[in-house]
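Structures are listed in the sections that come next.
Two complexes come next, and they have one chain in common, subunit A, joined by subunit B in the first and subunit C in the second.
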Partner chain A sequence: MLTGKSVAARLAPVLACMGLLALWQIAALALNSDSFPTALEAMRAIPSILGDKEALINILASLRRMAVGFLAAVAFSIPLGLLMGRSASVASFCNPLLMVIYPVPKAALMPIIMLWLGVGDLSKTLVIFLGVSLPVIYHSFEGAKAVEEKMLWSGAAMGLSSVERMIRIVLPASLPEILTGCRTGLVLALITMVTSEMIARQSGAGNILFNALDMGQYDTVFAMIIIIGAMGIALDVAFESMRQRLVSWSEPQFDVPLSFS
Partner chain B sequence: MTAAGSRSEAPLERTPASKSAPAMIEIDRVSQVFRTSSRKDHLALSDISLAIEDGAFVSILGPSGCGKSTLLYIVGGFVQPTMGTAKMKGKTIAGPGPDRGPVFQEFALFPWKSVLGNVMYGLRQQGVRPAEAEAQSRALLDMVGLKGFEHFYPKELSGGMKQRVALARTLAYHPEVLLMDEPFGALDAHTRTRLQNDLLKIWERDRKTVLFVTHSVDEAVFLSDKVVMMTRSPGRVRQVVDIDLPRPRRRTELLLDPRYQKYVVNIERMFDEPDEDELRC
Partner chain C sequence: MSARRFTIDGLIGAIPIALLIGLWQALVSFGYAPPTLLPPPGLVFERMVHQLTSGAFQQAIAATVFRLFAGFAIAVVLGVGLGLAAAASPAVNALMRPIVRVLAPLPKVALYPALLLLLGFGHESKVVLVAADALFPILLSTYYGASTVEQKLIWSAMAAGTPPRQILFKVVLPAAAPSILTGCRIGLVISCIVVFLAEMITSTDGLGHVLVTAARTFQAVDMFVPLITISLLGLILNGLLQAARSYLLRGFPEV
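The block that comes next holds the complex of A and B.
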């Protein structure tokens, strides 16, 4: 049964979005500038973008690169992070490397990567991979490091080998932390996706946006920002609801929802 | 006379590592040094020797920090002693194994598994079919008073309930030796008494070898064949007291038994007196 409080909690994010659009509308009307279309104008441009086959193919290509980069990064980073968390020698080897890579904006590597690998899918996917990897490695590492030793001992006493303990104890025990890293990684995947297309202007959602900017089609620019933003929110909501289902065993029960789900 | 009763009349070994009957667990001149974060060596256990016979219930009693848990970890194979050896059935203990079941002071339940999932874990690992493992686990949970909580997760349990799940989880896979680290420490007096009785019942039935760490003199005397008293840190064996009380033991009867009272009072007195080493200092 829905109580008044939970209805309010569910409506809150919708109201926040509407408030933001209203502010935008008022500000745009007040400024009355060509390069700042109103919210309504921007939204009116959305159907024509989504109805355009060319644009749709571009957006789907972006999403595909993002998915490939994200999944490859997760598949690589979780095992590495877990190993680092459980083995001091792996950690002391990898930590300095990661410390050097960490502060470098991954998009800044784009020109070099383009030089080596061209402007195609490979370069862009690689940048997404790099952007997603670090938070996932870091969170998997922290999660694995925090696994209670007695839990591993209990497993060892039941006859689990060290590989089995890694997969059947360290992995599930660190899952909440790992998924927190993946959620950050997902947002970073979207950001690096757009940035990479901004640098390697060839195809993709980012390319549509910047082409429109070059041609002064400001309503299309803002419409693309809304579309990309909406994709980000939708991905985050979907991921968050999956995350909550997977790790409900670890969550304290909050009264205030922490996301849009 | 019951088997249990006649058993306690058999003379219990005082001298460690005696060569007569091969002991289930044999701890031979074990010392444990820990390197602390401040880079200082800390002697946690000093020259411990102890023989535990097959089917014996042995309690370890000693002040906090004297190395009781450490000793249990060494027998469990989780910690390798700095000096000396620990053997099980004559074989040096090299690592953990399902023949020795630990119940840790910190419970160490698997938080992503339900209560039932935790208890079934060891059985499933041994290849027992799910239906069979579930039936056995449910029976155990019933015994420790957790019927109806099978699908709760550890975070939804009280401290005492977690402790009971930990106990059931270890009992489930039938280890030959139980290593229990203050398993009833977090329980209220009522549940504690109930579980002590249940543990005794299981023990009298299965005759597992039990190494039982506790702070409570009362509990040690009630449960054990033998009470190992340890000194303050660094832990040494101070004295081994054989508890010569008939079994099966009833708590209500024992409390009135002058022999029981004498054991408790004597052990408490001994702890109050400074031991020889402290006098020497």
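The block that comes next holds the complex of A and C.
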């Protein structure tokens, strides 16, 4: 049953969206500049982009690359991060290398990777993989490090092997932290997807966006921004609902504000 | 344990980096990769030292660092301020939560064309982009840290007669500091990434521009130099943040 409060909680992000679009509309009307179309004009351009078969295929190809890169990165990074968190020697082996790689913008590797692997799907997926894996490794590492020793000792006392302890104790205990990492990874996957396509101008959502910018089709530019933004929000909502189902046990009670005012 | 353990850890950590450089050298020496695609590491480091002493490259670094700092500083001030406000006031919280929910997962790079059209090709658009991208990790971790402060601490401060306004700065802010600094670390890495990308997209200066120019002329050596520079820059800034963290959190257990 939907109570009044949960309806309000569901409607609030929609209202926020409307509010931001209204703000945009007002700002565009106030500035009245050729290169800044109003929200309505931009939204009117969306159907023509989504109706265009080639553009649609491009956008779907982007999403596919993102999904493959993201899933591969998660499958690779969680075991590595957990292993680093539980073994000091693995951690000190991997940490410096990861610290060197972390601040390198992965999409900036695109020109070099393109020279080796071509402009196709492989190099873009690889770049997305690199972008996603680091935050996931980092958060899995932090999560696994913070697992209480006592739980592991009890597990060992009850006869769990080290692999079983990893899967049945460390993984669930660090899941909230891992999923935080995955969420950062998801945002980074989108950023990397857009920028890699912008650099390798061949296909994809980023390509449409920046081509439109170069050709001065400003309503297409802003329509693509809305589409990519909507993709980000939709993915985040989907991820969040999955996360809540998995780790609702660990949620702190956010809705109780600090009482001192 | 400290000093000796530290050197041993350092040595173990150096192995994969050494292996990577070794593999790189091997690929070139055994002819698996032509030097035009993968220049030997010696050449890259030589070029790097040469570039670091050249004025033009130093200016590129300066432009990047300025944008990075400006954007990151705005993000820290806004993120910590808004995060604390949301944790302290239910009204602010109710207003901000849906907006953050919508804006946080938005890939800000996609907004960059809009920023370009509105703010021009100079510093402003890049600084705003960096700030927008670094803001949300800092904001969310500040909020998380501030809303999980133990109520007992606040009650004790109130019992000791601290006025409500001061509780925010004397109790909540220090207690949330570890979480805030974790958010800052993520924000810093994102700033490094985003400033570089923004400069790659459109710029006339900065490290990203150096990379794009090199890529257009297929100068593989010059493509590696800015990448290594931004990595070093990230390491240095991360080290500074770590030092600030251990100074600020000196009273906390196990940091």
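Following the convention adopted for this analysis, the second predicted complex is superposed on the first by the 245 of 261 C-alpha atoms of A that agree within 3 Å, B and C clash if a C-alpha of one lies under 4 Å from a C-alpha of the other, contacts with A are read in each partner's own complex, and residues count from 1 in each chain.
The rule is simple: a contact is a pair of C-beta atoms (placed from the backbone, for glycine too) under 8 Å apart; a residue touches a chain by one contact, two chains touch by 3 or more.
These numbers come from a predicted model, not from an experiment.
S.K.: On the A-aligned overlay, A:G229 touches which partner chain: subunit B = first, subunit C = second, or both, or neither?
M.R.: Second partner only, subunit C.
S.K.: Contact-wise, after the overlay, does A:A173 reach subunit B, subunit C, both or neither (first, second, both, neither)?
M.R.: A:A173 sits against subunit B, while subunit C stays out of touch.
S.K.: Looking at the overlay, what does A:W249 touch: subunit B (first), subunit C (second), both, or neither?
M.R.: In the superposition, A:W249 contacts subunit B only.
S.K.: Between subunit B and subunit C, which makes contact with more of the residues in subunit A?
M.R.: Ranking subunit B and subunit C by residues of subunit A touched puts C first.
S.K.: Quick one: classify A:W153 as touching subunit B (first), subunit C (second), both or neither.
M.R.: The answer is first: A:W153 touches subunit B but not subunit C.
S.K.: When the two structures are overlaid on chain A, which partner does A:P103 contact: first (subunit B), second (subunit C), both, or neither?
M.R.: second
S.K.: Touch check for A:L213: first (subunit B), second (subunit C), both, or neither?
M.R.: second
S.K.: Need the overlap of the two footprints on subunit A, from subunit B and from subunit C, as residue ranges.
M.R.: 252
S.K.: For the complex, which residues does subunit C have touching subunit A?
M.R.: Where subunit C meets subunit A, its residues are 8-10, 12-17, 20, 33, 37-38, 87-90, 93-94, 97-99, 101-111, 113-114, 116-118, 133, 137, 144, 146-149, 151, 154, 157-158, 164, 167, 172, 186, 188-189, 192-194, 196-197, 200-201, 208, 211-212, 215, 218, 220, 223-224, 226-227, 230-231, 233-235, 237-238.
S.K.: Once bound in the complex, which stretches of subunit A touch subunit B?
M.R.: Residues 148, 150-151, 153-154, 156-160, 169, 172-173, 175, 247, 249-250, 252 of subunit A touch subunit B in their complex.
S.K.: Along subunit B, where are the residues that touch subunit A in the complex?
M.R.: Touching subunit A from subunit B are residues 73, 76, 78, 95-98, 100-102, 104, 106-113, 121-122, 125-126, 153-155, 169-170, 173, 175.
S.K.: Which of the residues in subunit A come into contact with subunit C in the complex?
M.R.: 12-13, 15-17, 19-20, 31, 33, 35-36, 89, 92-97, 99-109, 111-112, 115-116, 135, 184, 186-187, 190-191, 193-195, 198-199, 209-210, 213, 218, 221-222, 224-225, 228-229, 232-233, 235-236, 252, 254, 256-261
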